[in-house]
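Each of the next two complexes has chain A plus one more chain, namely chain B in the first and chain C in the second.
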Partner chain A sequence: MTNRSSRPWYLAPYYIWILLFVIAPIALVVYFSFLDLAGDFTLENYANFFSSTYFRMTLSSFWYAFLITFISVLIAYPTAYWLTKTKHKQLWLLLIIIPSWINLLLKAYAFIGIFGLYGPANQLIQFFGAGPLQILFTDFSFVFVAVYIFIPFMVLPIFNSLDKINPALIDASRDLGASQWTTFRRVIFPLAINGVKSGVQAVFIPALSLFVITRLIAGNKVITLGTAIEQQFLVTQNWGMGSTIAVFLILFMIIIMLLTGPKEKGGALNGKAK
Partner chain B sequence: MAKLSKPAKIYLAIVFFILYAPIFYLIFYSFNSGGTMSGFENFTLEHYAAVFNDTRLLIIVLNTVIVALLSALISTAIGVLGAIGIIFLRNRKMRNAVLSLNTVLIVSPDVIIGASFLILFTMVGVKLGFASVLVSHIAFSIPIVVIMVLPKLQEMSSSLIDAATDLGASQRDILTRVIIPYIKPGIFAGFFLALTYSLDDFAVTFFVTGNGFATLSVEIYSMARAGITLTINALSALIFVVTLGLVLGYYFFNQRSAANAGTGGPRP
Partner chain C sequence: MKGIIRASTAIVIISAILFYAVHVLESSSATSGSGSISVYNWGEYIDPELISQFEEETGIQVIYETFDSNESMMTKIEQGGTSYDVAMPSEYAIEKMKENDLLLPIDQSKIPNLENIDPYFLDLPFDPGNEYSIPYFWGTVGIAYNPTLLEGQTFESWDDLWNPTLEQEVILVDSAREVIGMGLNSLGYSLNSTDLGELREATDKLKTLGPNVKAIIGDEIVEMMRREEAAVAVTWSGQAADMMWINEDIDYAVPEEGSNLWFDNMIIPSTAGNVDGAHQFINFMLDAEVAAQNADYVGYSSPNAAALELMDPEVTGDERFYPTEEMRDRLEVYENLGLEMLGVYNELFLEFKMDMEK
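And now, the complex of A and B:
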C-alpha cells in the first residue's frame, strides 16, 4: 500500500464529531456532577447519591430492570426457539421485529387505553366476575408494558444464536442417547448462551434508564434511574445531581457490558431502546 | 426437522397476538365516533379529518420529516467518510480506540445522550430549538451509519484501490468512482437506519427541544399526558402504515441486494 500519512480533509468532520459529541458530553457530565446548584465545586452530589433516598431508588430501579429482563428472557426464549423451527422463519422473525419499529410512545399510549378503568383488560376481569381494578399506574402495568416493548429485542439475538447451531450437533446428541431435555440443557442452551447475553445487555440497560413508560404508565409510582435523571434535569433543574446519577448509570452500564461479554456480531444495533 | 408441536403453535400464536393486539386496538378505535378507547359506537373518519385540519400538527409532522431527512443525509455523509477513514487507519490501537468511541453513542441510554447534549448546547450557547434537535439527531445517527458501512468496506479487496492507483486515478477518483459505488448497499442501509432513528427518537429530542419547537414524538407525549384523544389514534394509524411501508420497502430492498450483504438486518 502507498503511505497515507497525509490525512485527507474529508476525515475532519468525523473527528470533530467524536470530539464534540462523544468526548465533550461525557466530560461535561462528569464535570457537572461535581457542581452544586450555585455552580461551585462540591462532592455533595456523590454523598447524596449514597444517602438512603437515592440508594433505595437505585436498588428499586435495579430490581425492576432485573424483573423486566428476567420475564423477557422467559417469554422470548421459547419464542425464539420455536421460531427457528418454523418454515418461513425469516418472515416470522420480521413479524416479531415490526412492532419494535412502531414509536414507543404510541405503544405506551395504547396501553393507557387497554389498562384504563373501562378498557379491554378490565372488561376481561369483569367478565370473570371481579370488579374493575386500577391497573394503570401500578408497578404491574409498568413491568408488563416494559416487557412488551423489550420482547423483540430479546427474541432477535436469541433467535440468531439458536439459528446458527449446527443441526448435526443435535443429531449427534440424540444418537448418543440424550433425551430431548438433556440435549437442550447440555447442547443447545450452552451454544446459544451468547444470544441470551446480548439480549440481556440490550434490555437491562434500557430498562434501568426508561422514563417514558414510568411517566405515562406507572404514573410516578416507579422511579428508575432514567426517570430520576430526567426529573433532575428538566423539572428540578438540578443539573449537578442529575449528572451524578448519569455518571453512576454510565458506570453500571460499563459493568453490565463487561459482565455480559462482547456483543455478538450483528447485535450491535440492539441497544437502541428507550 | 420435527414439525412444531401443538403447544408450540399456541404459544407462538399468543405471543404474536399480544405483540400486535395493542397496535390494532389503537387503529380500531381511531374509527370510533365515541370519544374514548372503550365502547365502539359508530364508524367515522372524523379523527382523520381532525389530523388533516390541524395546521399546528401538520407543521409538526413537516418539522419531523425535515429533521429526519436532513439529519439522515448529513450523518450519512459524515459517517461514510468516517468509516473510510477508520479503514485506512494503519495503527491498530488507534483504530480500536476510534471504533470504541464510535460505539459510545450507540450503547448509551437516550437519557444520558439527551442530558449531556443539553449541557453541551447550553454551555456553547446554542438556542434550543430546530438547530439543537437537528444537530443532536445528526450526532446520534453518525455511529449507526459507520457501523452499517464498515463491513462493506472490510470486504472490499484493497487490490481494487491499488489497481485504480496504478491506472492513474487520483484520491478523489478512488473515493467517488471505486469506493463509494462498492459500498452503496451499506450507505443505503445506514441512511435508512438514520432516518428511522430520527423519526423514532423521543428521549433525546425531549431534552434538547425548546418551547417553540416540537417533533411528532414530543407532541404525542404531551398529548398522551393530557389523556386520551382519538386524534392520536388516527395519527398512530397513519404512522403505522408509513412505518410498515418503510420497513417492508427496506426489507425487500435488502433481500434484493442480500446476495452479498448479510449484515444490514432489521433493527429491533
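And now, the complex of A and C:
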C-alpha cells in the first residue's frame, strides 16, 4: 500500500461484480422507466406515479415501514441491552438469530395457522373469555409478523455497538455523580446510536418493499410499493411502470441511507460523543 | 495464509464432490427411451400417477414444472432460455401467444384421441380449427359458500355478496380480470368491457363491498374455506370442487347475471425441443380412461365426452360443475383485450384494493 491512489489488481473482481450486478441493473431499471408498453420513449410513467393512487400507496408504504421500524427499535433496544448483561451472550444471540434462517414463506404460512379463527392465538383469547377475533388479514397481524421477521436485524447491530462500550466509561459517569438515567442519556445512548442507525437501515428499507406477507398475512388489504412492482412486472407486463416505481424506491432508499449513515468513522469506539 | 489456502482447497473439493453427485443422480434417473419432455402446467392440475404411467408406456421422461398465472407463464416462455414442450394456458393467453408467434401448430393426425372431445369445445373463436390448442379442462367463476356458517343465505346474484350480514366473510381471488369482471357482471355489463365509464362504475361499486371483504388471496383460499375460516369465496369452479372434496358442507353457485366461462388448453410452445414427444403426451392425456382419472383427481370439468361416460354420473350430472349448454349461454369467455386494457384493469384493481371501504 505505498501508493494509495492506484487500484490494486486484486480488487478487479470486486469492481467487475459491482459493475455487472449493481450499476448495470440500476441503469437498466432507469432505462426501462422511460419506456411505454410499445417500447417507445415516454415520460408518462413518471406522470402516472404522481397520480393519486401511487402517491397514496407511497405514503402508506412509508407509514407501515415507519411503524414496523419504530416497534422493532422499541423491542430490540432493551433486548440488546439485556443481552450485553447476560452470561451466555453468544448463546442468547444465536437463539435470536436462528429464526431468520427459516424461509420467509414458511414463517408466513405458520402465522396463517397461528392467527386463524381456530388457531392458538384465538384459543388463548377464548380462554380469557372473549369471542374469537379476526386477527389474520388485519393491520395488526401485518405489523406483528413484519416486526417478528425484522427483529433479529435490529437486535444484532444494536447489540454490537452496546457491547463495544468500554464499561470504564459507565463507571466514570457514575463516579462523577450521574444518575442511571443521565448515564444512559449522555453516555450509553450516544455511543450506541450508530448501531440503532444501521438497524433502522436494515429494517426500514426492506419494510418499504415487502410484498409476500402483504398478501398472505394482510390479505392484500395493505398495499405497498413492493406489491405494485410485482403486479406491474408479472401481471400487467408493464415493465416501464414497474421500473418507474423501482426508481423511486431506490431514491427513497438513498435518502434514508444518507439520513441514517454514520457521520464519523469509528465513532462508537473512540468515545467522543457529540 | 496457510489457513486461507486450506479453506479454499476444502471448498473446491466439496464443490467438486457435490457437482459429481448431482451429475450421477441426474443420469441415473433419465431413462434410455426416446428422450424427455418438459410439461409446464398450473399447480395441482394433473394426477401425478398419470405422469408415471406415461413414462412407463412411452419411455419418455417427463420434467414437470408449474406456474400460477397465465401472465407469468407467457413471460417465461417469451424470454426464451426454456424448452417447455407442452403448456396449459387459458384461452385469452392462447390468443395472445398466437399473436406473438409463441406457438407451434399441432399435427392432428398424431392425436387420434381428439375424437373423444365433445365437439362443443372444439373450433372455438380463440383458436379456429384447433390449429394450435387442444382442450384440457374447462370451468366457471362463481361463489363457493358454506351454508352452515350462513344461516341459510344462498347466492343467486352477485349482489348477494353485498349483504350486510356477510361482514368480514368474503374472500376474493387475487386476480384483476375475475374481480373487476364480477363488478361488471353485477351491473349487467360484459366482462370484456373496454368502456372506461363502465369500468369506473364497476370499480366504484366494488369499493362498497369493502366491509365484507376478508382478504384477497390466491390458492390459499381452498385451505381457508376447508377450515371454515371464511364462509364465502369468489373463485374458480375447480377450487370450489377441491374445497368440497374435504368439507362437504360447502356449496357452489354461478350467479344469474352471468360469469366467466373459461377453457384451459394444451399447447406446444415455439421453444419446444421434443415436438414428437409433446404430441404423444397430448394424445395420452386425451385417452378416455386417463382423462377420467385426471378429472377425478383435479376436480375441474373435463371436455372429454368419452371420459365422462366412464365417470360417476353423480359428478358429471352435477349442473354446478357441468352446466347445461343453455346455462353456458349466459356465460362469457374472456377475450384478449391487449396489454393496454389489461393495464387499465390492473390499475383499477389496485385502486379497489387501496380504497376499499373499511
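Quick note on the criterion: the second predicted complex is superposed on the first by the 241 of 274 C-alpha atoms of A that agree within 3 Å, B and C clash if a C-alpha of one lies under 4 Å from a C-alpha of the other, contacts with A are read in each partner's own complex, and residues count from 1 in each chain.
FYI, a residue touches a chain if its C-beta (ideal position, glycine included) is under 8 Å from a C-beta of that chain, and two chains touch if they have at least 3 such contacts.
Since the structure is predicted, the reported quantities are computational estimates derived from the model, not experimental observations.
Student: Could you tell me if A:Leu94 is touching chain B, chain C, both of them or neither one (first, second, both, neither)?
Tutor: first
Student: Under the stated touch criterion, which partner chain does A:Gln126 make contact with: chain B (first), chain C (second), both, or neither?
Tutor: Neither partner.
Student: Pick one for A:Arg56: touches chain B only (first), chain C only (second), both, or neither.
Tutor: After superposition on chain A, A:Arg56 lies in contact with chain C alone.
Student: Look at A:Gln134 in the shared chain and tell me whether it touches chain B only, chain C only, both, or neither; answer first, second, both or neither.
Tutor: Once the two structures are laid over each other on A, A:Gln134 reaches chain C alone.
Student: Determine, under the contact definition given at the top, whether A:Thr236 touches first (chain B), second (chain C), both, or neither.
Tutor: second
Student: Can A:Leu216 be said to touch chain B (first), chain C (second), both, or neither?
Tutor: In the superposition, A:Leu216 touches chain B and chain C alike.
Student: Is A:Ile112 in contact with chain B, with chain C, with both, or with neither (first, second, both, neither)?
Tutor: Both partners.
Student: Which partner chains sit in contact with A:Ser179 here, chain B, chain C, both or neither? Use first/second/both/neither.
Tutor: Once the two structures are laid over each other on A, A:Ser179 reaches no partner at all.
Student: Of chain B and chain C, which one contacts the greater number of residues in chain A?
Tutor: Partner touching more chain A residues in the overlay: B.
Student: Where on chain A do chain B and chain C both make contact?
Tutor: Dual-contact residues (chain A): 112, 116, 118, 215-216, 233-234.
Student: Once bound in the complex, which stretches of chain A touch chain C?
Tutor: 37, 53, 56-57, 60, 112, 116-118, 134, 136-137, 215-216, 219-221, 223, 228, 231-238, 241
Student: Once bound in the complex, which stretches of chain A touch chain B?
Tutor: 1-2, 4, 8, 10-11, 13-15, 17-18, 20-26, 28-29, 32, 75, 78-79, 82-83, 85-86, 92, 94-114, 116, 118-120, 123, 148, 151-153, 155-156, 167, 202, 205-206, 208-209, 211-212, 215-216, 226, 229-230, 233-234, 239, 242-243, 246, 249-250, 253, 257, 266, 268-274
Student: Note which residues of chain B are touching chain A in the complex, please.
Tutor: Touching chain A: residues 1-4, 8, 11-12, 15-16, 18-20, 22-23, 25-26, 29, 36-39, 77-79, 81-82, 84-85, 88, 90, 98, 101-113, 115-120, 123, 139-140, 142, 144, 146-147, 158, 162, 165, 171, 175, 193, 196-197, 199-200, 202-203, 206-207, 216-217, 220-221, 224-225, 228, 232, 236, 239-240, 243-244, 246-247, 251, 263, 265-268 of chain B.
Student: Which chain C residues qualify as touching chain A in the complex?
Tutor: These residues of chain C touch chain A: 69, 71-72, 75, 168, 171, 174, 176, 213-218, 220, 223, 227-229, 339-340, 342-343, 346-347, 350-351, 353-354, 356.
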